[in-house]
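Residue numbering begins at 1 within each chain, and the chains themselves are lettered A, B, C and D in the order written.
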Amino acid sequence: MNNVHFSLDITGIFWNPIALVIIFAAIMILIFIWGRISFNRDYNEKTAQVKPFNSGNVEEIDYNVQSSNLYWGFRRALSGFYTRMIEYHDGDLNNYLKWMVIIVALCLLLVSGGFL
Amino acid sequence: MGNYFLYVTVVLLIFIGVTALLYKKNLIKIVIALNIVESGLNLFFLTLAYRPGGTAPIFTLAPGLEELKMVLPTPQALILTNIVIGFATSALMLTLAIMTYRNNKTLDIQKLRGVEDHD
Amino acid sequence: MKVGSIGSFLSLFLIVGFLFVGISRLHPVGEPLGNRDVFKDRNSLVTDTSNVDTMDDYFLRNGQRETGSNNIVASVVFDYRAFDTLGEATVLFLVVSSISMLLYTALKQKKMVLELKDPETGFPKNMTRIVSNGAYLMYPMILAFGVYLVAHGHISPGGGFQGGAVMASGTALLLVSSYITNHIKNTYKIFSFYESLGLTIFIGLGFAGIGVSFLFNFLADFSPLFLGRIINLGPNPGFLNSAGILPILSLAIGIEVFFGLSIILVSLFHLSRKEENTLQKY
Amino acid sequence: MIKHIPILLIAIPLLAAFMLPIIGRIGIKVRDLVVLMVLLTVNFLLFYIIPEVALNGKVMYYVVGAVDPSALHPESLGFPIRIVLKIDGFSLFMGIISAVVALSAFLYSQSYIKNDERKSYYQILLMLMLVGMLGLELTNDLFNFFVFMEVLSISCAALVAYNTEERHPPYAGYKYMLISAIATSFLLLGIGFCYAQYGSFNMDYIHSKMQHNLIDKMAMIFMIIPLAMKAGAIPMHMWVPDTYSEAPAPVTAMLVTASQASLYALFRFSFSLYGNPVSSVSINYNTLGWIIITLGVLSMFIGVTMALVQHDVKRLMAFHAVSQTGYMLLGVGVGIAVYAAADGGSSFNAYGKVAMTGGIFHIMNHAFYKGLLFLTSGVIVRRFGTRNLDKMIGLAHRDTFTAVAFIIGAMAIAGIPPFNGFASKILIYESVYKFSPLLSVIAMFVSVLTLASFVKVFYSAFLGPRRDDLIVDKSPLPFGMKAGMGILCVLVVLLGLFPDVVIETLVKPAVSALVTIR
C-alpha cells in the first residue's frame, strides 16, 4: 500500500486525473468570472429566444435530424464495406457456427505449419 | 487400426453432429445434432477409460483380487455429469424452440432470420 | 455467404483430419495411462500410495478405504468430485426453474378446457381401460425399482441420478397413459417444494461438514448406526449402512432428479396437450 | 473461518437460490431481503480477502471435501485428487467485478421487473448466474470449470428469453444456448485431450507436466477459440447484438460480465495452463499473441463501424461491447506476443506488462460503464416503448438523472478524461505504440468513432424539445433503478479519478498471478 499514488506512473506513462480536474475547474471559474464581467446579458426566458431556430419552419414536429440519417456521409463513403458487413450479420444461426469452425480450422493449420 | 476403432467412431459421431449443426435449418434438428455431438464426447471419455476384460469399478461380489481388472472410474462419473447437463441443455432448447414456434409460427432458421424487422 | 459455406465445408474435413491425427497419437484403447492392473492382495488396498501414479489409480486403490463405498464410481461422484455433482444438480434445478419461468404465461394464459376424460367411463379418451389400468399398476413397481437404485447406489450400479430418472419415467408413463395434470398449480407447488428440499439436504450436508471442510464425509467411520460401518476391503457382499454421507447425498439427488424431471415432463406435456386443443378449435 | 471463504463465496448464493422457492412462500419482502443480504455478503467476503490475496500476494487454496482444505497435497502424492478451488489476484479481480455488477443489476431489477410470480424464478436465475461466474473464476479444475460454464450459459439463455410474449426473445435465448452449447462441447473435447495425456483435471498439475506436443496444441485451439466466441470476438460475434438487444436491461448488464468471464478463461488458459516460455519445447507465444491481437483489432474496428450505423439503441450498445472486447484482447495479446521473446524478457518488462495491465484494467472499466449504459438504455426503452432511435427525442427534460448517468457512461466508453475508460486506454495506447504504432493508431481511431456513435445516441434520445406525447411510461424513476445506476456511476467516476489505487491493489496482483515466469 506504500507505493500507491494518486497519479498513474508506470514505465514512462504519466497521467494525473486530479490535476486535470483541478485545472479544468480553475479554467471554468475563470471563464465564469470573465463572462460575468464582459458578456452581454440579454437572455430572457419569456421571449421566443428559448425556442430552437428551425430554419424558418413554423411547426416543431420532427425538427430533429433523424438518427438514421446522421453520419450518412461516412456510411456512403464506406458503402461497399457496409453492404458486405450487413450481409454477414444476417441472423442465420448456421453461419454463426460456420465462422467458428473456419477459425478453428485456420488455427489448426497454423499448428500443423509449426507456427504455433 | 484395430485398437483405434472406438476413437474413429468418436470422430465420426462428432463429424456427423457438427455437420448437421452447420447445415440443418430446423430448430429441433439442431437440438438433435447437438445431442449427437454430446454422445460422441461421452463415448470419447468412456473410450479413454476402457480396458479389455475389465469389470465395472465395483467391489460388491467382484472376482478375487488376483484376476481383478477394473476400468477407470473418473470418466464414468464425468459422463454421468455430462449426460445430465446434455439433457438439461436439450430440454431448455426444446422449450425455447416451442416458444419460438408459438411467437413466429415457424421453426425454419431461414424464415426466422431478419434483423431489419426489429424496431 | 458462399465463401462461408465452402470454407466451412473444407474446414470440417480439416478438423476431422486433425482429430484422426490426434487420436492416432493418443494411447491405444485399453491401455490407459498408468499401470494399475494388479491389486495383488488386500495389502495393495491398504494405504498404498507408493506406486500410485494417476488420479484414477488412487481412486481404485483407496476409494473403498476412504469412503467405505464398494462402488468406486459412486465414491467419485459423491465424495471425491462431489462439488461437480453439486454443480450438475444446480444445472438441473436451473433448467426446471427456467422452464417454469418461460412456460409460466403460456400455461396460465387460457383456462384449460380439457375434455380428455370420457364422461361415461371416467377414463381418458383414445385409451383403453387396459392401458390406463396397466399404467396405474406399473407405477408403484417403477417407483420401487427407482428407490432400490437410489438406496443401493453405494454398493451396486445405480445412484441418485439413475434412480431418479427411472422414477421420473414412471411419471412419463402416467402422463402418456392417463391425463393427471388437471391440478397443474398444486402439482407445481408440491413438486417444486420437494425439489428444493432435496437440494437443500444436499448442500446442507455440505455445510454440516464445514467444521472440517465443505462436503467432507464426516459420517464415514463414525458409527454403524449412522451409516458408518467399516467394511472389509476387497470384494465383499456389501452393506447398506456403510459409506457415511454417500447414501444420504444419493437420496437427496434422487429426490431432486425425480421431482425436477417430473416438473419438466408435466410442463411440456401440458403445453403440448394445450396446443393440441387450440389446434382442434381452429 | 477465513480458510473457508473460497467455498462460501459459491455455496452461500447456491444455498439461497435452492431455498428461494420455499422462502418465496413466506413473503415477497422476505425473499427480496434474503437475496439482497446474500449479494451483500458475497461482496463483503470478496472485499474482505483483498488484503490477504491481493496485497500480500498469497494464493488461497481450498480442497473440497478433504481433511485439511488448505493443504494442497495431503496424501503427499504430487498430484491433487480432489477438486481444488484457487483464489489468486486475477480470480479475485474478476470475482469483484461479477459481484458488484450483480448487486447493481439486482437493485435495478427490483423496480424494473414486474412483481409477479415469475420474479422468484428471475431472482433464482440471477443468483445462479452469479454462482456460475464466481465458480468458473475461482475453480482450478478443468471439468468443474466446464460445469460452471454450463450453469452460467443456461441461466443467461433463460434470462435472455425472459419476455416470452414478445416475438424475438425466445429465439434470442435459443441462439445464446446453441452458441454456448457448441462452445462448451468443443471445450469438453479439449479437456478430454488433456485428461488423456496427463490423467488429471487440475490446471496447476497439467501446467507443471505440460509437454506441448501436437495433441496439447490441438486441445488449446479447441479450448481457446470457443471461448473467444463466447467473449464475442469477430468474426464469431454475430450472436452478440442479436441476444444482448432482446434481453431485459439488467440482464444485459450481467451478460456483459458473463462475456468477460469467458475472456478471463481465455487469458487463464493461455497463461496458467499453457504458459511455460522458459522451457525449450513450448507453444510459439508470438503466434498465439498475434492470433489474439488479430481477433482484437478486427473486433475493435468492425464492432465500432457496425455500431455507428445502427438505429436500435441496444444493438448499438451491443456492438460496442464487441468493440471494447477488442481492446482487452489487444492489450493482453501484446503481452502474450512478447511474453517469450528472445531478448530475455526486456521487451516484456518494457511494455508487454503495461499492455497487459491496461487490458486487464479495461475489463473492470468495461464491465462497469457498459453495465451503466445498458441500465440507462433500459430507462430509455421503457420511456419510449421502442428501441428505435428515430422515434426518440428530448428525454433529458424528464430524466435528468438518467441523462447524467448516460453522459458519464458515454464519456467513459469514449475514453475522455478524467473517466475510467481513459485511464486504461492510455496504458493500452502507449504500450501498444512501442510494440506496433499502427495498432495504437487504430485503437485511437476506434475511440473517436465510439465517441461519434454515442454522440448520436445522446443527440437522438436526450436532446431536442420536450415531447410528452411520445412517452409511454410516465411514472417517476423508482429508487431501485436510481440505486443500481448510481452505484455504477460512482464507481466509474472513482475509478477514473484514482486509477492508481485500483491498479496497485487489484490489477497488478492480477497480472502477476498470470505472469508466473517473468
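Please note the rule applied: contacts are C-beta pairs under 8 Å (C-beta built on N, C-alpha and C of every residue); 3 or more make two chains touch, one makes a residue touch a chain.
Just so it is clear, the model here is predicted, and its values are computed rather than measured.
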Next item on the list: Would you identify the chain whose Cα-based centre sits farthest away from the centre of chain C?
Entry: A
Checklist line | Of B-C and A-B, pair with higher C-beta contact tally | finding: B-C
Note to self: Averaging over Cα atoms per chain, report the distance between chain A and chain B in Å.
What the structure shows: 45
Item checked: Computed distance of Cα centres, chain C from chain B, in Å -> 16
Note to self: Can you compute the centre-to-centre distance for chain C and chain D, using the mean CA position of each chain? Integer Å is fine.
What the structure shows: 32
Item checked: Inter-centroid spacing, chain D versus chain A (mean Cα positions, whole Å) -> 21
Note to self: Where in chain B do residues touch two or more of the other chains?
What the structure shows: 14, 18, 21-22, 30, 48, 78, 81, 85, 88-89, 92, 96, 99, 102, 112, 115
Next item on the list: Find every residue in chain C that makes contact with two or more other chains and list them.
Entry: 8, 12, 15, 18-19, 26, 32, 55-56, 59, 81, 84, 87-88, 91, 94-95, 98, 102, 106
Checklist line | Shared-contact residues (touching 2 or more other chains) in chain A | finding: 88-93, 95, 97-99, 101, 104, 108, 111
Margin query: Thinking of each chain as a vertex joined to the chains it touches, would you call that graph a line, ring, star, complete, or other?
Written below: complete
Checklist line | For the chain D and chain B complex, residues of the former touching the latter | finding: 143, 147, 150, 154, 157-158, 161, 164-168, 170-171, 173-174, 177-178, 181-182, 185, 188-189, 192, 195-196, 241-242, 245, 312, 315, 386-388
Notebook entry, point to check: In the complex of these two chains, what residues of chain B are touching chain D?
Noted result: 14, 21, 27, 30, 34, 37-38, 41, 44-45, 48, 75, 78, 81-82, 85, 88-89, 92-93, 96-97, 99-100, 102-104, 112, 115, 118-119
Next item on the list: Please give the residue numbers of chain D that touch chain A in the complex, ascending.
Entry: 55, 175, 178-179, 182-183, 186, 214, 217-218, 221-222, 225-226, 228-229, 235-236, 238-239, 241-242, 283-284, 287-288, 291, 302, 305-306, 308-309, 311, 349-351, 354, 357, 389-390, 392-393, 417-418, 422-423, 426-427, 430-431, 452, 456-457, 459-460, 463-465, 496-501, 503-505
Checklist line | Interface residues, chain A side, partner chain C - complex | finding: 87-88, 90, 92, 95, 98-99, 101-102, 104-106, 108-109, 111-112
Checklist line | Interfacial residue positions of chain A with respect to chain D in the complex | finding: 1, 3-13, 15, 17-18, 20-21, 52, 60, 63-64, 66-68, 70-71, 74-75, 78, 81-82, 85, 88-89, 91, 93, 95-97, 99-100, 103-104, 107-108, 110-111, 115-116
